[in-house]
């Protein structure tokens, strides 16, 4: 019984290779997490256990996929950045996005009991969808990251004020929403401070800044001729890496410790002190304290 | 702090809509399952627990996604078929494939302890990747399905003989491989029968035929003018379904019981007796026995 | 001087293969033909010379590309249909569309003096752009064709009435537009008939029906079990054609005379009498009269 | 008669937007030009009339499409580069490539009699196909251009030697091919010089270097901090151009004179002296001599 009669169907599979030399962003989003967070009674406006679980799952993605140079998470979304020189799976779009979504989903479900020991998961299980976006330049990539971090800030300030009006101010959702309609950031800060004595700046950074995940080498001092600002200087040699060298660096990246921080990365400092994120060349391992 | 300065990055997301009116096949494959099956000591040539776990995860996909009309699984792969009239997620390719991969991965990990109670999962967790293929006609779709079922047969006959030579014949892998080089199906049947007294036909159907998953309505008698063989007859009205009608049928599908069978679907009978798979119109609910 | 240092740039070219077994429609449109038709004083509402030139260019496309089974033109647009079994250029989308656009443009410019002997072309020259659309079923393809022919009718009835109001009714464009706002087809017919004694039905078919171009075999009598209505019956054998047979039929098609007609093809008759268009199997050559 | 029943077919048209902020290269190639050049007895190894005709057609493309910043032609191929900031036709791939192919084909056919006054075109007419490639960085784009110019050199040296062996050396094609098998550039130079007294360096630049077409502003002195080498410095402001400013610059480009040169552009000098090609900001108009 030969298979050849049916094998023609393989030709219907269409290639979906991403353009070489672009930054690949894979963003995953929780499916129906509004309902899901109600079901498991997530604390509002932020549930620390839920965020820690997201971060733990994201860490595993960086551990298992050295091609991911940095990731950023807020709420029920996470963005994973693959370096422009990445050739994993020949840059097949569906293979890259499904691998990351699968890995993240598996760890999220598996690690759930560690973070929510009193709320066992029941059907339907939580899930995530994913999408792929390409960015041709470092500037475009950084603007993507900044877009997400600004979004984190805007959403968190709104949600913090909204839930404070409800939880401490005794409003219902409708009244709180009406109260906030048309307000600016300064207005919301003022509401929190004058009515509830809350200084928004003192809120935990994980809520205000989100969580950025990367390999934790030693920081370097930023210089004016930082490679981060000079696209060509870094892409040309990167593309020319020999296979041996690339494999060696891949292994070096696997040894680095994955860290999660809650810091501003809109300004240049973050990137200049951590040039390995954009260059993808392993940094100096931090000495143990 | 306005977000508009960075929002331009959204325009880099490229549409990936699948062509309307094609059958959508989403096939997922275990990542590194050769190593994974060794790690958890899967029985060779087939581990019934592992297959049952795959089927349980697939069932959940059909329960949660009524757009999936049929699914077929062998070994560590599963193919999910979305009807040609499907408009879920506007037919966005990455959204469809990641949703199914995420769901499958989550259930696989979550249900693992029910099937492997003595082998708790350790890192790295199992995962799946996924791909999307479109088929323009029922014939192409059925040929795809037949291709997978023939593959199941070929692989299982080979693996059964290979492992019998080792487990009962005392050969090592290399010798068994050499023994089977160039053999035809009849040769393998003969080896099993004459040397080990094993009739391959008596092997369990789940190994020989794989597992097909669908909604279990009452079978209908096949007729010569079967709609399965008349593409136009069924696609035109399907596309013309009103939104109300479509929603109603979607709900009807959600009520149907999902069944898993291990039967031949290369021949016409399977499809003619279950016209709802190709037509996507709910069948008659089976009376309780 | 080796070229290898730069040859990596070839890898940036991305595949753009169309899905197998779909009908390929390539539609071209005149670029800036509103202005162009003013420059060369095209007659309104229809310029017979301009349409004949379009048809002459389209005929050449069918002569040179036997994979095109039928084409349809109205105004400054032309749709070329490649059979679902077409494998020309491995179904590379950009190669298919540019070849047809290039060919059409070249003949349009080259043949211009034969149709407009008194109006030599000056810069900028006329040009066309093109797009590719795939249709999975004969029904979808026929609906595409019907869509264009209905458009032809709607536009021509409007334009005929509009220009008659101006040319014979002495209105200016603004007044004519206002007169026609909100009118139905029957109203326009009535305006033409009662005010100008013109029976729209007597207008030339080339204006009312557009121009359909195909290979002119002997008509066959339509039957109820027409293959046109039975998708599967015709696609399966077509896909199974041997290379030799395919090449033989390709040559047979090259011998057929290309004809241009101005007839209705929304009804079944047109397709049933000319089964070779959908089947792509050469018909019977008409005996010379 | 409403069109709505058929209008659903429009939804089958799939978007094909190119990624923002990439360099777009559209390369066209003569279809069957080997046969075509025989038919019109092109001179070997190079026919100056044929190259001048290609260049004249390419010039018209730059005149009519200000988004094209530079073009490069060798033999029967031409590459047109659209700036990374280009938004023409919303960056729709098929629209961009067909517009350029149509324009080039029309001018090639129309201008033919000016360059080949004694060889009127007969059917089949010459034609071109086209493809689209995207490059994320200036370096990638320059490497593409260098790839083509190196190819020009390699091919021309081979062809010049090959045809000299035939035309002056009395060999037939087979013997000439055998003679050249395995030779390096130096060997070919030596054959030309020692056997035929021909110094390859003295061959016309149009054959050795190909033809580069661009807007002819005043050259600027190259500096070390050339924007050509600093990707970020130029892409950020470019993307931020207001619509008014962009339109103004578009018009300025339309006023510039298009020039055709036969010079090396593999080295940095060419790009540094003509920064407007990469920056897309109009240069200084040359004073009339």
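By written order: A, B, C and D. Residues from 1 in each chain.
Rule of thumb we're sticking to: a residue touches a chain if its C-beta (ideal position, glycine included) is under 8 Å from a C-beta of that chain, and two chains touch if they have at least 3 such contacts.
Note that this is a predicted model, so its numbers are computed, not measured.
Counting every residue number used by either copy at the chain C-chain D contact, over half are found in both chains. Spacing of chain A relative to chain D, judged by their CA centroids, is 42 angstrom. If each chain is reduced to the centroid of its CA atoms, chain A and chain B end up 32 Å from each other. Among the residues of chain A, those in touch with two or more other chains are 8, 12, 14, 19-21, 134-135, 140.
Viewed as a network of touching protein chains, the structure reduces to a complete graph with every chain in contact with every other. On chain A, the positions that touch chain B within their shared complex are 1, 3, 5-10, 12-14, 28, 31, 60, 64, 93-95, 97-99, 101-110, 121, 123-135, 140, 143-144, 146-147, 150-151, 153-154, 185.
Here chain D touches chain A in the complex through residues 19-22, 84, 134-140, 229-232, 235-236, going by the rule given at the top.
For chain B in complex with chain D, the touching residues are 8, 11-12, 14-15, 17, 19-21, 239.
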